[in-house]
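Sharing a structure below in structure tokens format, with a few things to ask.
Labels run A, B, C, D and E following the written order; every chain starts at residue 1.
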Amino acid sequence: MPLIELKHVVGGYGGAPILNGVNMAIEKSDIGVIVGPNGAGKSTTLKAIFGLLKVTGGTIEFGGENIANSLPDKLVPRGLSFVPQEKNVFTSMSVEENLEMGAFTRKDDFKATMAWVYEMFPVLGEKRRQPAGELSGGQRQMVAMGRALMSKPSLLMLDEPSAGLSPRYVIEIFETIQRVNAEGVGILMVEQNARQALAFATKGFVLASGQNRFTGTGAELIADPEVAKSFLGG
Amino acid sequence: MSSDLVIDVRNVSKRFGGLTAVNNCSLSVRRGSITGLIGPNGAGKSTLFNMVGGNIVPDSGQVIFDGQDVTGFQPYQLFRIGMLRTFQIAHEFSQMTALENLMMVPGDQPGEHLLDTWLRPRLVRSRETDVRKKALDVIDFLKLGHVRDELAGNLSGGQKKLLELGRTMMVDAKIVLLDEVAAGVNKTLLNDLASNIERMNRELGYTFFVIEHDMDLIGRLCDPVIVMAQGEKIAEGPMAEIRANPAIVEAYFGTPVEAV
Amino acid sequence: QDSGATIGFIGGFTGPIESLTPPIFAGAELVVSQVNEQGGILGGELSIISADGACDATAAAAAADKVINTDNVTGVVGALCTGETIGAFNGSGLSGGVVFISPASSAPTLTTLEDNDLVYRTTPSDALQGVKLANLLLAKGVNDIAITYVNNDYGKGFADALAAAYEAGGGTIAANLAHEEGKADYRAELGNLVASQNLVILAYANASGNTVLRQAVESGNFTTYVGGDGMVGDDLLNGIDAAAVEGMIATRAGAPSGAAVDIYNAFTADGFTANATYAPQAYDAAFLMALAIEKNGSSAREGLSAALREVSSAPGEKILPGEWAKAKELIAAGTDIDYEGAGGALDFDEAGDVDGIIVELAVEGGSFVEKGLID
Amino acid sequence: MIQRSLTLFGGLFVLILVVGWVMGLPFTSSRLVEAAAYALIALGLNIQWGYGGLFNFGIMGFLMVGGAAVTFISYPINPDFWGSDGPMMLGRALLAFAIGALLVLAARQAHRVGITGKWKGALTVLAWFVAYVLYRSQLDPAAAYIESAGGGWVGGLGAHPVLGWLFGGVLAAGIAYVIGKICLGLRTDYLAIATIGISEIIRALIKNMDWLTRGTLTVSPIPWPTPLPQNYQAGGMDIASSLLLARAGYLVLALVILAAVMWLISRAYAGPWGRMMRAIRDNHIAASSMGKNVTARQLEIFVFGSVLMGIGGAMLVSFVQIFDPSSYQPINHTFLIWVMVIVGGAGTNWGALFGAVLLWLIWVISEPLSKAIFDMVSYWSTNVGWGAIPEIEARSAQMRVFVLGLVITIALRFAPKGLIPEVVKREG
Amino acid sequence: MTEIIFFINQVVISGLVLGCIYALGAIGITLIFGILRFAHFAHSELMTGGAFIAFLLASAFAAWGIVTPIPTGFVVLPIAMVLAAILALGIDKGFYAPLRKRGAKPVTLLIASIGVTLMVQGLIRLFFGAGSYSFFENEPKEIFRIDTSALGSTRPLVITEPQVLMILVTLVSVIALHFFLTRSRLGKAMRAMADNADLAQVSGINTALVVRVTWVIAGALGCMAGTMLALDVTLKPDLAFNIILPIFAAAIVGGLGQAYGAIAGGLLIGFAETLAVFNWTMLFRPLNAILPDWAQLPSTLALVPTEYKLTVAFVILVITLLVRPTGIFKGASS
């Protein structure tokens, strides 16, 4: 049984539907990468899973249960975690408080997780007392990742985690994602750094106009000349 | 004073509390060039842009634009003398449609003055028609035609970035500062954008000053490339030269990057 | 047409004097019920319609517009604050030719209002009360005072009159300062008044006056407290250090002792406090209005002013409070009458003012007690 | 949306008819005059807030300034003052003011003669102080003299009231310019409280400068721009028709002004000017980088809106014929206007207009309405045997604020963006 | 010495008390602003309503013959605060929650709160009339007159029991609130939500709960502030409404969303009002003995006449904002 499975999901923001039947399935061991043109509905898909918009058709099964339209405060304790594309840090709170908020639903001691996050992003450790709003674009991205990891999720959803990161950190983030995945966390992420991401993805989805256009392993998608030309920049 | 420098930043510094974001940094942008600015996250690139663009005032140092000392100028004054910028975190007008976001850009529209609106409606109307036509062209070029009547606040992250870039196409500027326009933009579309930037540079003589983390794009467009780290300029030169510098590769690229 | 009459009442049911207004209105209402019990007016019933003037000229203009032009009242009892009365009268009163009898507008400015002989009042001008209060204090051997007044037409008019008379009588005004209404704290203002131990507070009992008095008592800087009519109200003394305010002096418009007053005071009943501030004046105003209407013979407005002057002044047979049936008979018989009210003889002068009577009050055992008139 | 607006305006029209029928035409017509003035004021606020996003909570100050202006211009000349030494003394005070202003200006130019930094700062402060003392030294005796011996106050100029309204607008504009220069850099809520503060300062000045405004003693009767009912009556007309005719005259004048203003601002807002203003309201950092002079534009819009407030305030004062500084309260001269604009729909002129008329009517009928409700309840409770409600007049008058509050909350609940909300302009 | 004691009585104590009243009110406003991002105008009615609740309870206590060592108003305060918190929750549920759900702008909520203010005012007058009440009808108000003749002063130092308690309570509640917000999980969640409600939701924070907690605290604090104020002067229907503007000024000068800011702002405004009209001659009178005749101090030497008192507070407000545009403690902005 897949960790999460979307079957023909339809949904939108009230007007015309943005998602017109999205299908995907992710195992615990998978790193799924969604690529596609701007405005294709990639972020919307993640938001739909996380209950942030109304799903009007299809099912979203997580651990065998339909979670469509349930709210985040129910989903986070069940093991879902999400890093939005924009506005993904608490700007007026310190880095450390941002991380604490990630662990809000946890009742156990999260010191170890926090140490692990600092280890992964040493620069955050240096700036732990600084308001996140004063960080550079890339540093914020790290805070956002760190915050999401604090809840020890079983499925981590990331919306363009590498956007704005310097090449070195892109590599590191991608490595971290693989490491997190190796520890048994399923990953579903949206990426515009598509080639790099698909290179390690176990599953790749090409979305356009709210529908699956291609589905396959990362390598398959990169190899597909049609995909490469239309979606990966040749 | 060398008039082939559009921007000449002289010894500027900016501190935030205890942190020196930009430290006595000097650099310049040649007229007609596409100058790249790269550096690790937090190097101070955006802060430098903010000082050049008038959004923050440097603690010390000067910014010379086209031979004129513009330190402390307001952004709108810089716009009027031909400097245009985009923001790393998109600053769209969220309650206006995508099209309006572009239409508001051109300067000195007669319709923006009350007396003209009331007394010279014909003039206002004809200018408005031109502006709309131009905006429609730009929006189609950006492949945003289908969302032109959508509120900009409702656009996807990448679409906002495109809109941000679209603004620079609405007017003729001497220099355009681009702060990470590529982040979040689909690569296929990005190729078109890059071509367009090259064309604007070549055919219209625009100067570009580009912050970017996408090395492919930098490699393709920029010469020279300036490298910043910890608020200071640490290197400048063509991309090939930068890539040959092991210190930079270590600090910035993380692993040696094979030539594209 | 023989079908009764309607009069209007405009008062500050909301705003700074909202707690003073209901008892005043009750005075007017009492007249209405007495009239109707004793045979009614013009062959029908007398009714009264109230509107909220909020102690504010602008609000009063709308209120007057309503009672005069919508409810078509014959005359108006009111308004209470002076600005309120002027605002109410200017807008619709003057153009509608409506007689106003105010029971409480005591500021001197009303005397000079250009009113086509339409505006009257049953309370004496503060110019008078100020003089009387000055005399009273001087007579009691209080030779220096500090005045704090609420910064409006009432407070300012009163304070000016008091100060002038007091100084003329040889007293010393150690300080004479305005304060703004509605603050939580007047200690700083009080600090400017300590030059004298005798504090005169000219404000409203339920608004700033209350706070000023309390904080003055707490400060312990004063020994004697003095108030004007606005301060007389039992709310004022709730939970205050009784010993400190024992003997507090106050004045207000009142009535001479005599039959009229005794009769009136006997009206005190459940829901009606006869000696509430301005209640007697309101009673008189409404009674006079009713008499004038009856005298005028119709609910029309023309001639009302003249009728009012006739029923209120000598010569004529005396009519006392409550004697509606008698008055009605006499009017029917064509006999001239002269109303003598709870607040005095009520003979209007040229300007529509009365030669009022000011009584002295003192706090004894936690409430205000009348001590007789001041000459 | 158009349909909805039409329905709402239709409903409003019916409401006016009902009020007219129940309360009579003279009463209704004067409330409509007031409503027109409030509509003008609400449009002013709509420009400031709806267009410009400026949180002006100092409306009361502008209304007072407009009201005071109309007394200066249109109240009859006070011969006692002009015949006394008052004008001379005031002239000297004015001179002192001018000299003081020059001193301050000179001090601020001190860097030209080489005085800079701290020294210049100190010099400027000193100049301010000297100017203040100089001015007060001339003004205080003048004020005291005028109040006691010089006719009491300066009186008016006896000019046409419409000139007074214009002067109200000009004066409000001048004050708005100064306030704007000082405060517009502040962010929303901070600007709100700063403007509240300034309006309180204006109120304190107007209320206490007896020599200039008669302060709490009030100025009345202020003449009308159109013939008064008394003028018609002098010609032999009966009371009812004279009232109607006079008020209709005033109403027509007010409506003409309102219509002209509506036309001018709607036109500006529909075009590039409006687009620029919305952009500034939306994101002033980006707007500035796109070449819009945010500070100057906000100042422009602040002044523009304040002019309308000044004129509206002047119209109100002329209409009630009395200028009573004590009757200005933030709750009904600032917050009520805000309620009008927000309930009507910020950003749309029709919304502001609708809100102003609706709220004013509701405010007016809330008193009889709450009285009626109380009478009903009292009748019912008497029948049930619980007895009548005591002090029913006072209580119902005090409950009118409840009715108003109820209307506000209900309206917002069903139309959080206002009854006639701003619609996104789709250019395409 | 007499002069100095006079100064302490008139300025220090009086400014402190006034400042505490403003501060107590401002804390609630600042908190609601921080979390819900709107200026809650009806906070004045939470204060007045809370004070009336406390008054009813105190009267009930008196009726049952319960005698307490400190004023009954203080003893019943905890119960009154609970009731007021419930009232606040009810108001939110009835009036603000529906608006929030529909994504209303802060200004809409502000206007709705004006509506609530008017309604509550109407209701209070309906039930309690327009008159005033005192907490000390059945017990005396303790006034401490501390004899300072040992210091050479002819005047005593005067402070009342409610004032002492008020100053203590203000201090304690601000410190408690600060620790709550910066140390406790829920407090941090409140700040997170204030910062970015969407992200708070994504983090799994139960935003509805946070909102409820906010109202509970605001209601309780409002009740406390109102009761203190009523204990210091009298209880009347426009108790807090009259001073809501200076309270807002205090919250804003202090920096919206900052608990300490409310204290600083409250004291600043309180002292500004007090000092504005203080008669300096009273303090410097002894100098007259050494000054030459022509330089004798005038009988009043105040910054402004008393009728301009509020003006000075607001001038200070405006100047403070010009120097620090988001208040003394760098506040938030909607």
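Keep in mind that, in the parts below, a residue touches a chain if its C-beta (ideal position, glycine included) is under 8 Å from a C-beta of that chain, and two chains touch if they have at least 3 such contacts.
The structure presented is a predicted model; accordingly, all values stated were derived computationally and were not measured.
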Which of A-E and D-E has more C-beta pairs touching across its chains: D-E
Distance from chain E to chain D - Cα centre to Cα centre, in angstrom: 30
Approximate Å spacing (C-alpha centroids) for the pair chain C, chain E: 36
Distance from the mean Cα position of chain C to that of chain A, given in whole angstrom: 77
Centre-of-Cα separation between chain D and chain C, whole angstrom: 33
Interface hub residues of chain D, defined as touching at least two other chains: 207-208, 391, 394, 398, 400-401
Multi-chain contact residues (two or more partners), chain E: 125, 129-130, 305, 307, 310
Residues of chain C whose C-beta touches two or more other chains: 18, 22, 151, 178
Pairwise chain contacts under the document criterion: A-B, A-E, B-D, C-D, C-E, D-E
Chain A residues touching chain E - in the complex, by the definition given at the top: 50, 52, 71-73, 75-77, 82, 84, 87-93, 97, 100-102, 104-105, 147, 151
Chain C-touching residues of chain D, taken from the complex the two chains share: 23-24, 26-27, 30-31, 34, 207-208, 215-218, 220-221, 228-230, 233, 239, 242-243, 246, 316, 320-322, 324, 326-327, 329, 364, 367-368, 390-391, 393-394, 397-398, 400-401
Chain D partner contacts - residues on chain C that touch it in the complex: 9, 13-14, 18, 21-22, 25-26, 50-52, 56-59, 61-63, 65-66, 69-70, 83, 86-87, 90-92, 94-97, 109, 114, 151-153, 155-157, 178, 271
In the complex, chain E residues that touch chain C: 6, 9-11, 13-14, 17-18, 21, 125, 129-137, 140-141, 143, 145, 155-156, 158, 160, 229, 232-234, 236, 238, 242-243, 270, 273-279, 282, 299-300, 302, 305-307, 309-310
For the chain E and chain D complex, residues of the former touching the latter: 33, 39, 41, 95, 98-99, 102-105, 107-108, 110-112, 114-123, 125-126, 129-130, 245, 248-249, 252-253, 256, 305, 307-308, 310-311, 313-315, 317-318, 321-322, 325-327, 331, 333-334
